[in-house]
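Read through the structure below, which is laid out as structure tokens, and then see the notes.
Chains: A, B and C, in written order; residue numbering restarts at 1 for each.
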Amino acid sequence: MIFGDWTILVLVLDLAGTFVFALAGAMAGVRRELDFFGVLVLSLVTATAGGVARDVLIGAVPPAALQDWRYVATALAAGLVTFLWYPVIDRLTTPVRMFDAAGLALFAVAGAEKALAYGIDPLLAPLLGMLTGIGGGMLRDILLADIPAVLRSELYAIAALIGAAIVVAGAEWHWPSAPTAIAGAVVCFVLRMLAIRYDWHLPRAWSGRGGPPKA
Amino acid sequence: MIFGDWTILVLVLDLAGTFVFALAGAMAGVRRELDFFGVLVLSLVTATAGGVARDVLIGAVPPAALQDWRYVATALAAGLVTFLWYPVIDRLTTPVRMFDAAGLALFAVAGAEKALAYGIDPLLAPLLGMLTGIGGGMLRDILLADIPAVLRSELYAIAALIGAAIVVAGAEWHWPSAPTAIAGAVVCFVLRMLAIRYDWHLPRAWSGRGGPPKA
Amino acid sequence: MIFGDWTILVLVLDLAGTFVFALAGAMAGVRRELDFFGVLVLSLVTATAGGVARDVLIGAVPPAALQDWRYVATALAAGLVTFLWYPVIDRLTTPVRMFDAAGLALFAVAGAEKALAYGIDPLLAPLLGMLTGIGGGMLRDILLADIPAVLRSELYAIAALIGAAIVVAGAEWHWPSAPTAIAGAVVCFVLRMLAIRYDWHLPRAWSGRGGPPKA
């Protein structure tokens, strides 16, 4: 194994997740013709807002992203890369989606663990894991004056919720922590990739207006 | 009286307010064609975001909604009911509005009391009571990429502000607390119902563009 | 000097900044035909949300705006003035812009100083100074369902960031604090006024869609 130390591995994965989330944010910013500053803000917000919201809610202030400059630096680097080479990155759809699913898995698992560590009710901790994973993307969409994509279409948040729930269940029932975390992350990642591959969607309600609901 | 215990009564009312606010959120989600997950998120946000914002601002973290799973469960139940039987609930306009006004009254009063308990200046505590009542609906509208309805049309927030102000005045001048809370809630509820009944609106400013302001 | 006391001068400047930011918020509300309540909410949010967000993130709760009623009162006064005399204020473009730049400078400098006082990493404190300056306007635009103007066009946030960075650099290298604060504020103010005067903009990325990027 290339890393001698578990902590370093987690940090590297965490920064990788930050980088990929920031890429997605920056790309949305470029598409909407924001200026250089706007693109950087979207990078930063998309990569960090989920964790920041979790930290504010559980009382872990200042949030992690304000205690270690490497998260902000990583997010801004992703924004800069996107700003300079948008057309190149735009073509990398498949790897970006894969890394995004990995980032989601990682953030969901880490978020649930941190919520438990701060004494959040185990019935509610999975929600905070999910929020860690999806909050940044939601705020990105709000800043772009769009309805958050996660509310209307893809099977994304549920994957995060299930991954986070596995971690919480493991903590409740005293499963060994590292394998549980890995299992939660893998389940989230695989669910998300399957949802992309097979175009899975959640149902919509029938509002009684217009025809029957679209799938 | 059916409840032997004041605490239980307050809890039941609080959960009832949560349920009705969540109904309103879920209905907005169905109307905008969100998927099942999106509808549940709107239920949860509409029912809890006002109280969560208040708790974060006054330093009461983790917020109440993250300390008792019954609030989240109630909100999600309302979302599920709406998802399954939207057309039925959509026809219950009058009772839903009545319960919504009751929820507003309850949240405004409880929010002002909690703000005072955390040492907020009595001149500002009514604002936090109002925020408790209207914050969830505002975030619901933001998530739907709309201007919050409470900013543009109905007499809604003012009713909450007045109800909350009554509670704060009572605390300042040492009125007995239970009757004061009831008075604040009743005034808020009645004002809101009258505003619906007689179609009361606040004035708009004249921007000097187009004709005179609409009432 | 008209004020014998530095503290009073800072308070007066702070309230002046609050007033001008609230004016800008209220004017946006009138333009979008909000009602009287909506205009007051926009005043309050535009004037205080940046500082409130900073305080929540650094753990300074309740936020300053909830500890001293004069900020809220000042913001609401600005909202009332705008509501009553919108057409007059609308014609005062130049002085309003100048005061807005002054408010930005003041908020950025004060925000960076407060972040440092709460132990935020000096590499990240300038971001919190900037957030103090631009957060209120961003939330105003979100409430109006617009993409925040600061993300897409003018050179505004960068001026705040540079002003805040000067303050942080001064604290790191033990420059005398009052002259450093003044230098940071002046640089921010002058940059912002030059950006208005010469119509400076940041570049946009080329999304590869449509023609080359607009300047």
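One rule holds in what follows: contacts are C-beta pairs under 8 Å (C-beta built on N, C-alpha and C of every residue); 3 or more make two chains touch, one makes a residue touch a chain.
Because the structure is predicted, anything quoted here is derived from the model rather than measured.
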- Query: Do subunit A and subunit B face each other with the same patch, meaning over half of the contact numbers show up on both, or with different patches?
  - Reply: different
- Item | Rotation angle superposing subunit A onto its copy subunit C by C-alpha atoms, nearest 5 degrees | 120
- Item | Euclidean distance of C-alpha centroids - subunit A vs subunit B, Å | 30
- Note on the structure: subunit C residues touching 2+ other chains are 56, 142, 145
- Item | subunit C residues within the subunit B interface of the complex | 29-39, 41-42, 52, 56, 61-63, 66-69, 72, 82-84, 86-87, 90, 142-145
- Task: Would you pull the subunit B residues touching subunit C in the complex into a rising list?
- Result: 56-59, 118-121, 123-124, 127-128, 138, 142, 145-148, 150-153, 157-158, 201-209, 213-214
